[in-house]
Amino acid sequence: MVPLSYYLVLSGFLFACGVTGFLIKRNIITIFMSIELMLNGVNLSFVAFAAQWHALAGQIFVFFVMVVAAAEAAVGLAIIIAVYRTRETLNIDQVNLLKL
Amino acid sequence: MLNLHLILFLAFGAVAVAGAVNLLAQTHPINSALSLIAVMAALAGEYLLLGAEFVAAVQVIVYAGAIMVLFVFTIMLLNAGVEERTQGSRVSVLLGIPGMLLGSILVAWVVLRHSGTEAVAVGSLPGDPKTIGQMLFHEFLLPFEITSVLILIAIMGAVVLASKPPSTPAAGLTREAE
Amino acid sequence: MTQNPYLWLIPVLPLAGATINGFLGHRSSKRAVTTVALTFSGLAFALALYIAATFSAADAPYGFTVAHWIRSGSFSVDFALYLDQLSLVMLLVVTGVGFLIHIYSVGYMWDDRSYYRFFAYLNLFMFFMLTLVLASNYLVMFIGWEGVGLASYLLIGFWFTKDSAASAGKKAFIVNRIGDFGFLIALFLIIQNYHSLDFTKVFAQVQPIAPEIAGAGLLTTIGILLMVGACGKSAQIPLYVWLPDAMEGPTPVSALIHAATMVTAGVYMVSRSHLIFERAPTALMVVAVIGTLTALFAATIGITQTDIKKVLAYSTISQLGYMFMACGVGAFSAGVFHLMTHAFFKGLLFLAAGSVIHAVGGEQDMRKMGGLRSYIPVTFGTMFIATLAIAGIPPFAGFWSKDEILWQAYSSDHGSWVFWLIGVVTAFITSFYMFRLLFMTFFGDYHGAQVDEHGHGTHVVGHDGHGEPHESPMVMLVPLMILALLSVVGGLVGIGNRFEHFLEPVFGSGAAAEATGEAASRGTELLLMGISVVIAFSGAILAWFLYISKPYLPQKIADRLNGLYEAVLNKYYVDEFYRRIFIKPLIDASTNILWQGVDRKIIDDTVNNAADGARHVSDEVRHMQSGNLRSYAGWIAAGSAALIAFMIWMGVR
Amino acid sequence: MPIWLYLLASVIKSAVVLGVLLTAVAYTVWLERKVVGRMQNRWGPTRVGPFGLLQPAADGIKFLFKEDLTPPHVYKPLYIAAPMIAVIFALTSIAVIPFGNAITIGGYSIPLQVTDVNTGLLLILGITSIGVYGVALAGWSSNNKYSLLGGLRASAQMVSYEISLGLSLVGVLIMSGSFSLRDIVMAQQGHFWGFIPRWNIFHGQFIGFFCYLMAAYAETNRIPFDLPEAETELVAGYHTEYSAMKFAMFFMAEYANMITVACLATLLFFGGWNGPIFGPPILQALLPVFWFAAKIFAFLFLYIWVRGTLPRFRYDQLMAFGWKFLLPLSLMNLIATAIAVAW
């Protein structure tokens, strides 16, 4: 028997790792993976809450999150490819033209 | 079985934590990707512990089997190398990291302060495909259909974005083609 | 009120014509445009005739509600039509004269490039004029009022490539706005006090009120404000200045809008509101004084004008003054009677003048005409009849109506011998300048051939201004002849006060006042009638003496009375006066205070300073937007941490 | 059943299944060489043992003793991990394959299956989808453009065809209403009109089977879809830089995958171990396993037959076939099945 808070702390840790990855990573693809990590952390809390409250809707949400993640990955990676074609780099610090 | 449950939770959790930390520590994106796959597999285990066997299976098939393959594919396609340690953003370190830490601590404090003694039993909520399917096609029919539209748009967007521009051969393109 | 389901068709028919010609005309042939324009205006006339034929005094007034329009609390305005004897007269005049002028225009405008546009505008004018005439409340009337103003603006500026035409259109429009301002305030006052704009409802409330003999009350205010509106539309002092300039428009327009119909809208409106005016003697006096002064004033200017259309324009103003004088002395039916006969003979005069201009190839200066009698006999004949009519020679139409007005001015309760005297003097002047026009144009020798290069009316394109003067085509002559006939017999309906009795259900009380004094002053009436006939003939004889017998005399007289002549020739410098007193200060004030002061300093500077401030702030803040995605993530992380802290602090667990 | 006995049974079952599987892999290779040889009018292996039957053993010994070359420019951790990933996932999926009814030993009923999970089919799909990493990582970590292209092709191809594979299976799932492979087999017992087996392929799922077969060929990178290792254009694709035991692992993974796919086809479309059962009890116990093995053998033979017959596709043809033909076809099959079942 594992308390719910354990799951939540694990989920929060994964999410925090995702945020940290977004903050410190320079490679666009890795940053993208950090986002996936955050989504996974959230999914864990969804499933844990679903089990805690006996509400299957929590698991349904996970599917929706997965679908969104898949769509996001498809579009995002396509964007990355397009960026790489024009900028010849994957370093996010060098993709910074969108400013005044 | 009490201890076994906790042990399994800790084991999968350890793998997930190790994978997440490794994701941050690695400098090569492919290592980060493999770490992430490990995290996802570990999370699939956690889902099994929580009784969500269908979610676990889909987690492996969709996340590990499809999305991450896409990532690996992209890394291979673009021949991504070791990360450059450029110092492009002071804000992200000076503001973002403290912000992240503060937010995490606050949330953790709230969670731990309010967590009761209730524990989640193994398989306490049967997440079998049949029940989920019925729920998905009754109560969540509209969101489900909308996500189908979303994914269709995403497919088209990906095709348009990643397709080669017809007449202007980009520099990166010639390298792929060799 | 009897429902008459055909009523709405009358205005709608010309509107249909305007719509068809306006949207499809540029692609259709002239023949098709002609067919559409004539069909719809002709149908409107036919329908008006039908309605007149089935009109019965017992059933009047007729009404028809087209649609509910404004519903606001207890206040409501319907888009409703209303037909009584007064509207019927106006209806027949507008559709009849309008239809004749449509026919005439086919010949006159045939060679114009924007043929379809002309007819679209003309039909549009008909629509608005009929709306005005048939309105059952002041608001619908105001729509027609503004609509005819619009049509007038469009038609005056019909040849808008010419600067003078464009500015004449603007002048007409702006001067009319001043009048409309008064009209609108009058409407507001009516709404405020009577909570309705419907004629029947307002007048039902006005009916029991006693006349405001002592000083000026609400009704006086409303009446004077209505008169301000009428002054604008009907070109009375002080707002008459636009009408002479409006002669820049094509001649049929001058005939239809600026002589026969639109300019009489003011008279119609005052007559329609007669219940208000009858209870406000001060307002009535204002109307009479303005009318009388305008009549005299415009007539004197008419003496010196050399442009054939300008003479007619001033004549129109003068005759309108007569009508207002009639209204002002409470003889509304006499005013409306003169309105009708005036529509016939003044329409005819303008059309004939158009025919003359057409004949001499666009020339409008009478000094360059002369001797045209033998070249264009039909035009001469009809114009001669019209001149007789306007001069007040019996038994032509003008005699009856003018005599009626003069008699009423003398004998009515609100009248006085002063009005009569000025009226008679005006009649003399009228007779003089009209025969002057006739003699200068048709008698003597033709002066056109050697000078017509400098003619300023060359916009009637396609007419050869170099050849012999030639008679107009039949399509132009037939309306002339019909109108000439009407000018001869039109006055006969007034014999024995038949016209007045016809309008009695509308103007009721006026006839009663007349009946009391009738027996006593039969002799006076005949005497006055004789005086005015003599006056009319003497004016004609003076004109003959000066312009046929001794043609060198006018120049001598002009030299002798140099100052006065210059003043009259320059229309008493009224335009210049207005320019000095109103326009220039307005422009200066607008430039210096509104533009440079308010617009530049206050509004622009406020906006610019706000923009500058935003830019300065943004210049500092934009450094946050480094273009680096990780920085943005940092901001988001910090922001979400702050948000979480805020939520915990606020007690959201 | 005591827990120790349960564990013991599981270990024994695992060992047996793994042993059988590896042997089958070895002899499938032998069979392929033999059959293709015959088809090409030559002998195939004949020298080692009778009919060359010991050839697999000889090959194994050669692989084991060959020098294990590691080229200098490879990314070593993944270069070493890749073949392991490939072979581990290839061998894992056999764990949920049932190959017969439960047998009773000493009063205990033991199912002929390493482990019976009620979402067995999903598990196989998941494991298969992870299997692509072995090939992809091998191609990338070799640091060789041929390998990289092979790896890229493999990952794109497998991800694409996985969709058709999954969709072609859904028809069967709708008919049986379960993810459990055992239940699916149970649902196919009996006969139509007394003589036609009530197998799914005869039960309206022929198009589904066709889609599955095509997708499975592509998933296992077999001819005519062996683009990732096309010798003529990519030298050997993702395993160009591999030798000795690491190469053998890829080889084993490929054949193990073939066997898994054949097992799945048998279970889903051909009634699993169902077949005529007769004779003494011992025979009755073994006949289902025999039928199962026979059907798998037929499939493996089909694999080899196709390899001996068909040429290789072009890559764009492969992708067009997968996305423009196979995917719509399997979707239509799914819709048709759903309508038929709902009827």
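Each chain gets a letter, A, B, C and D, in the order it is written, and its residues are counted from 1.
By definition in this document, contacts are C-beta pairs under 8 Å (C-beta built on N, C-alpha and C of every residue); 3 or more make two chains touch, one makes a residue touch a chain.
Model, not experiment: these values are computed from the prediction.
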Per CA centroids, the chain at the heart of the structure shown is A
Contact tally winner between B-D and A-C is B-D
When centres are defined as mean Cα positions, the distance from chain B to chain D in whole Å is 29
Expressed in whole Å, how far the mean CA point of chain A lies from that of chain C is 78
CA centroids of chain A and chain B: separation to the nearest Å works out as 5
Whole-angstrom distance, CA centroid of chain B to CA centroid of chain C, is 82
Among all residues of chain C, those touching at least two other chains are 626, 628, 630, 633-634, 637
Expected list for chain A, residues touching two or more other chains, is 19, 23-24, 26, 92-93, 96
In contact, pair by pair, are chains A-B, A-C, B-C, B-D
The residues of chain C that touch chain B in their complex are 626, 628, 630-631, 633-642, 644-645, 648, 653
Contacts from chain A onto chain C in the complex sit at residues 19, 22-24, 26, 31, 92-93, 95-100
Chain B partner, complex, touching residues on chain D are 75, 78, 118-119, 122-123, 125-130, 132-133, 136-137, 139-140, 145, 148, 151-152, 155-156, 158-159, 162, 166, 179
So, in the complex, the side of chain B touching chain D is made of residues 30, 34, 37, 53-54, 57-58, 60-61, 64-66, 69-70, 72-73, 75-77, 79, 128-129, 178
Interface with chain A, chain C side, in the complex: residues 622, 625-630, 633-634, 637
